[in-house]
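Chain IDs A, B and C follow the sequence of writing; residue 1 opens each chain.
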């Protein structure tokens, strides 16, 4: 089986400071990988390098495209990369406002990706938007409401619908449950897990919440000061951490 | 089916003066299809540790941990995930699930994960829950709110949903009443009959005698105190 | 008699603007940046159109200015006077006689010819502006042909009003490539954007010039199930009886009486001269 994503030696410096360095891994179809670490550990820098939002100083991010097979997305042309960003890739931001158009209705938000790839039938676009609202547990009657009228949890679910409507194969998520109430988080996690399995999605989830990765991620990468200090099966890394930092991280979690 | 060759395990506590605690040394065992082996030994001797090493939950320090031909000690995460999906089942003592997922789905999940038809999976899950006396009115609720005994039975139903060729059972009959205990023991017998290789921890001596073919005392693998 | 250089602007500036115009014609619909000059009138009064006209006019040209179709509004009169004074060109109110027509918010009803140039005053040249405020991002979207957002606007129209309610500045795709704001002309005029004359668009404050060469394909954006419609008030002109011209609604008294008249004053006048009559012609107010 060909990996969906092959990351080879990704490195990003901010001047003399290390953003992230020496990151390599393969992600296979259907796999969910978590990246954990404290603020400033380089996990968001890495995610942005992988998703094409930041240009890495060195390294390759090879994606198995539908048409041309594995292609290095770092060196591909910008139009191609942006096209990938609208079709096979999706990016769920921590703050829904960064990922939504707040002045556009829920239906328009979901429909944008469809229209971007050439859908020109209003009725069909709207039907798919309503269908997706249902899948993320938002009442279809709210299709014409703007996200500003939605709660934080609903906005986040709307953002997910907007991203998944084109049937992407790889989803990048940056702290998708950050800033949400615990009960809202649980609902979102459950939803994400269902969608990931239903659609056979691969995902890379950056978070500092170990409970999130335990529930969602098959694999885990632990980052500190720009380096990956430990990687492996999620439950193995959490239950039998090998690196000093991971042990500290795991033991720092409050037991409920 | 399950074979350990000279496996050792130690914990290094980096945040406590890098103390190295060896917990297992020279562990070797072999379990054939259709065989059920009980791990014995005093509390803290390393029964659960050994199970977790086999499951890939703990990382073996050295040696080989072969399950269905795959060396768990060296395998890639995705190989272990595939192994757990298709070959190696594990009934732990605790149920760990996503909140909100209905019990029926929780039990059917291992079948859905291997691409089983949804209705077939749900039917099998329902049959197992009925057999383990979980009232049908609870099936649509999340097991997170259930009593300890109910959670344990849901956990067992989930563990037996898919016919794994290899299984790890951690105290499957603990905290069960006589009737449910019998049901679990017959589930184990059935698994053996279809050729599953089973490693289990049974504090319940009666149960152990009934389903296990032999015992392995993990104290034999405990590192020498004054080594 | 006048101390200005011909058509007010100095020759260097006109050359700069002509280069932008030529580039615009070469890349239909593409917004060419240019160094817009201060003009002796405020922004919003057509400074972009005036600069394009200044760079386009020759002493032999006949110049016409319309504002919302009318030759006699303050704006139109001022600009016409401006070029009478600074260029000394002949001016006219008759569409057929003009060689350069500067317009605000309308396309004349009469079919324009290959010998004519239509110059539009443009307030906001960027059709994506209201959806994506970042200029860096809209430029990228143009260069990569990412126009999905344009349809989001039309989608919002339909979802809120049941139909595409955008009635002016209706976005078009030019020559199969660039999405363009045709300036705030009514969408009734959109089909006329495919014409024999040269069309030049000048935005003074925004410092952009763009163009549509003659015989260029100009398609109004729409949905398959909500196709583009060039709409107008469902009336004939009350003065000349024309049924195919764009109409202005005029409230006549406090009782709510109203009349509909051609917004293109020259078109209406010439029809009446030919003897056409409308509902209110007999009252002879105009």
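Structural remarks
Here is the rule we go by: a contact is a pair of C-beta atoms (placed from the backbone, for glycine too) under 8 Å apart; a residue touches a chain by one contact, two chains touch by 3 or more.
These numbers come from a predicted model, not from an experiment.
Contact topology of the protein chains: linear, an open path with no closing contact. Taking the mean of all protein Cα atoms as the centre, the chain whose own Cα mean lies nearest is A.
For the pair chain A and chain C, the distance between mean C-alpha positions equals 46 Å. Centre-to-centre spacing of chain B and chain C amounts to 77 Å, using the average Cα coordinate of each chain. Chain geometry summary: the mean Cα position of chain A and that of chain B are 32 Å apart.
The touching residues of chain B, counted against chain A in their complex, run 11-15, 52, 56-59, 77-78, 80-81, 96, 98-101, 112-113.
Against chain B, in their complex, chain A makes its touches with residues 28, 31, 186-187, 189-190, 193, 197, 214-215, 218-219, 232-233, 235-236, 239-240, 242-244, 247-248, 251.
Chain A makes touch with chain C in their complex at residues 78-79, 82, 86, 101, 104-105, 107-108, 111-113, 115-117, 120-123, 125-126, 143-144. In the complex of the two chains, the chain C residues touching chain A come out as 131, 144-146, 148-149, 151-152, 155-156, 158-160, 222-226.
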